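For clarity, chains are labelled A, B, C and D in written order, and residue numbers in each chain start from 1.
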Amino acid sequence: MSIVLGPYQYGKAEIRLVRIVRDTPRHEITDLNVSTALRGDFSGAYLDGDQRTSLPTDSQKNTAYVWAKKLNPDPIEAYGLSLAHHFVDDVGPVEGARIEIERFDWTRVTIDGRPHDHTFVRTGQEVRTAAITLEPGATHVVQGFKDLIVLKSTGSHYRDFLVEEYTTLRPTDDRILATSLTAKWRVTEPSADLDWNAMYAGVMAVMLEQFATLDSSALQETLWHMGRAALEAYPEIAEIRLVAPNKHHFEVDFSRFDEDNHNEVFHADDRPYGLIQASALREGAAPAGDAWLDYTGSV
Amino acid sequence: MSIVLGPYQYGKAEIRLVRIVRDTPRHEITDLNVSTALRGDFSGAYLDGDQRTSLPTDSQKNTAYVWAKKLNPDPIEAYGLSLAHHFVDDVGPVEGARIEIERFDWTRVTIDGRPHDHTFVRTGQEVRTAAITLEPGATHVVQGFKDLIVLKSTGSHYRDFLVEEYTTLRPTDDRILATSLTAKWRVTEPSADLDWNAMYAGVMAVMLEQFATLDSSALQETLWHMGRAALEAYPEIAEIRLVAPNKHHFEVDFSRFDEDNHNEVFHADDRPYGLIQASALREGAAPAGDAWLDYTGSV
Amino acid sequence: MSIVLGPYQYGKAEIRLVRIVRDTPRHEITDLNVSTALRGDFSGAYLDGDQRTSLPTDSQKNTAYVWAKKLNPDPIEAYGLSLAHHFVDDVGPVEGARIEIERFDWTRVTIDGRPHDHTFVRTGQEVRTAAITLEPGATHVVQGFKDLIVLKSTGSHYRDFLVEEYTTLRPTDDRILATSLTAKWRVTEPSADLDWNAMYAGVMAVMLEQFATLDSSALQETLWHMGRAALEAYPEIAEIRLVAPNKHHFEVDFSRFDEDNHNEVFHADDRPYGLIQASALREGAAPAGDAWLDYTGSV
Amino acid sequence: MSIVLGPYQYGKAEIRLVRIVRDTPRHEITDLNVSTALRGDFSGAYLDGDQRTSLPTDSQKNTAYVWAKKLNPDPIEAYGLSLAHHFVDDVGPVEGARIEIERFDWTRVTIDGRPHDHTFVRTGQEVRTAAITLEPGATHVVQGFKDLIVLKSTGSHYRDFLVEEYTTLRPTDDRILATSLTAKWRVTEPSADLDWNAMYAGVMAVMLEQFATLDSSALQETLWHMGRAALEAYPEIAEIRLVAPNKHHFEVDFSRFDEDNHNEVFHADDRPYGLIQASALREGAAPAGDAWLDYTGSV
């Protein structure tokens, strides 16, 4: 049995790019972490060290910067689509491109009751994400966020679970439910003209409403309803994937002290943590193709 | 020359403690990282392994939890003062105590236009800090924050600096000024009754105003004016210390491309970074004693 | 179009488990980070909050600890296989299991020229990894490591690459080549009896030899030859996947100083970095099935 | 009461510098993280934005690179002394300098049984550190390390401690003792000619011997004996400071399972952790002056 070259891709990861729009005294800021990956026949570089068809990752970096000037990278999805098309359309050997973007949020500082023209403070816990994929015959955008830390201090129980030899957990009718949520949703027929910022805010709002108002029997159930609600609200969304660590808050045992503790004082534990993954799909939606083929994540 | 035991202290670090006030349907949350250190004659533990006068760090942890029930730990400074007094007053061999607290900020989620009763999202970039120190004859509180990332996209220059053999930097009349600020201020005559939350918000506002409005010749100058303004606004503050990495944003060189870049596209660099330290003092203020003697920091 | 539940899984992540074998005065230590995920029909938990078929993640944690007693978890692959079989064979609703393990390396401290019986220091840069997957009809083991930082100070060039409008990089005939390597290889017909520790050491040695001795035209070429050589040395390996950030070391420009720099003084940059992914396959090997379906990684 | 400028300093932090000695085919590598701070009268920069006496941090960075060419930065202490003297002696307004260095360890890869000439793998858990301080009339060097993770699986107990109202811990006659040690020792009459590498290895060996062989009643006792032994072995050392988190390993409770656990299976907990600080002093040693005045640490 012979040994052959398998799948590959390459690019520049974590280009930390800040774009200031300063056409008026009221500046705008967009703060990004951009990663680019190219796909195509670069087998010569791997098998023989032949770089003649390989665009250096340094050039990819330069291009990401120039593109942030050509068009203000807000929304990030439109920027990513344009950058991906450039690589595929303008650079000969490139057949596919993947652009992954993280966006960090800034808010204007308030001075004398008014938002300041050019001073900003970094805000927000979550990081907005986008993954743009061009493959022959298809274009994909996955919008999302990571690290949204959300907690409800009641309205969550956990009981009537499977019990076997190694089960020592006791059921609870009232507990803290907390997670650091990652959510990513794939948009059908993505175009630069879509109102991506409105969709982002809308999906966030719909999911937070489910988290807050659902009387939760488990993080699994909460995740499903968050995903389902997002798809119901936005017909453009083909599917959504959620990853949620169960950030355990353990009620501290006061039984040996002269105090009681009725779900008032908790130890926020680090590790281990439950890790729940869920997804919701729209039946009949366009196929995902390479939309979920990560670049900066795992192989 | 003989070898002797030098300074020492010990305690429990990073007690991750969440307190929910749930007396009404509208819950309140306080999310803390508490560290305790005891000072006194524990030389037996070091020299001979004699633990008879040493309170286990596990007991210190328990106490931090119980104290979060006895009094709602908001403001954190009042909680820290009470906890420190307990160790010094109620535990025989303890002569001094140091309580260091980090507070993580949460905001209510808005559902149907109204803040939700028991669902919160973690917000804010900066972490509020407090360091409470009891030593024989003195009580100190240092209030502060860390990791406040703030940026101005104009109103900063850097020129007319010392030039010698190894200087290659060129002066600039307009640059991004950005930092991740740590600030700590020592309060004279600290008491549990002080309106600590108002002081925190007030100092933050005063410092941000200076950052935004001062036409900056250097981060050094900006820091001095931030500290000075805080002391002018709050006579209770004896001194303030500021640590500020200069988060360099380098204008990307477009000279070889068919684009120009007039302070519009920047590379946000990681390392190295300038690191500027400054302090402002009120002449004649009460001495600092052990107020700045860290526990969880360096030796 | 209706909305349906898509793929899901759940389990306990990052169980930090230390196993001491102390049957003789010469102790052995195994230090692990274990994550478990269960697969099967748990749709009730997601759709209706019905936990009756769901084994709590807390019970999974307990089981991982007990299994570390039942059999010493060295090699980690045999431990993971046994634990996965327990979940699938002994817990009714479970149809598949994924066990991901990180192993941290410890070395005996040398005292008076001899390895000490029960004192160890944590060593090694890289973390050994294993991923065990049971699905109906198939068993998979992926052995590997991450964070192996390796550098060669010569024997690497980069030239004759594609040049276009945004290319400013200059070719080099001699550069530092450095990476923080992640490698994972899938083993056909995995069994608990295989000499996993020998295979791990062997693959590591083969890959390091390629890294050191190949005159490298690009990181792509180096990765391919590392993977190819591993498959040639071990017929049991069906495929190998490599992820390698190009840790750029930039020669510092001394042209304005009274010193020269011939590849002697470098700035080790953080971000951005080239990111190269490669794989080598054995033609005709058994199919991968769910072997690469991560748990603690991305969705 | 008037408000005045207090203590200040400024410099460049975290210059990631790699030096290759390539005079022969057998290369040498030194991998450093260098931080520089200047002290003197720079009040103009703070009070008035007057930079005329301030050497830019960018120039300090350039100088650190050039100095790594002028002399191979091994040992790091000699490099730091030379660099500090340059700033104080050659740059007019500078009156004092602080150089902090981290050194990352690399080992030659073994190929065909022989150490390779130019291929290295990053090794070692701990990071070697040095802090060089020049102040008017005094020169200080503090040698040390951080992040040395060391564990003994027996030979440690904890009992007969102070018990009060909030004590629930039970005494133990046999436990795991583990820490991630930071140690820093001040050397009297430091000179570039001292055999710094031998001292580093020697202090490490002496301390590890104490850790391994002392039957420990508490981490406090272990730390004292480690420090004391270092001072006994090296008369050049004036004092040593140790910071040691007690990395708790909790025996997992198997009482409800059909297994026993006699100090065999542990949960390695993250937070909270005991934090123990100790120091040993040589009576009559030269005073410390600014030797312990951190730059990259706290204010």
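Annotations for the structure displayed:
Definition applied: contacts are C-beta pairs under 8 Å (C-beta built on N, C-alpha and C of every residue); 3 or more make two chains touch, one makes a residue touch a chain.
Just so it is clear, the model here is predicted, and its values are computed rather than measured.
More contacting C-beta pairs link the chains of C-D than the other of the two pairs C-D and B-C.
Two copies of one chain, chain A and chain C, touch each other, and the residues they use overlap strongly: the shared fraction of interface numbers exceeds half.
As a whole-number value, the distance joining the C-alpha centres of chain B and chain C reads 38 Å. For the pair chain A and chain C, the distance between mean C-alpha positions equals 23 Å.
Mean C-alpha positions place chain C and chain D at a centre distance of 30 Å. For chain D, the set of residues that touch two or more other chains comprises 15-16, 62, 66, 166, 168, 257, 270-271. Considering their complex, residues 165-166, 168, 256-258, 270-271 of chain A touch chain D.
Within the complex, the chain C residues that touch chain D are 15-22, 27, 29, 31, 62, 65-66, 68-70, 106, 109, 111-112, 116, 118-125, 148-155, 176, 208-209, 211-213, 249, 252, 254, 257, 259, 261-270. Listing the residues of chain D that touch chain B in their complex gives 1-16, 35, 37, 42, 45-59, 61-63, 66, 90-93, 158-162, 164, 166-169, 182, 184, 216-218, 220-221, 223-224, 228, 231-232, 239, 241-243, 245-246, 271-285, 292, 294-299.
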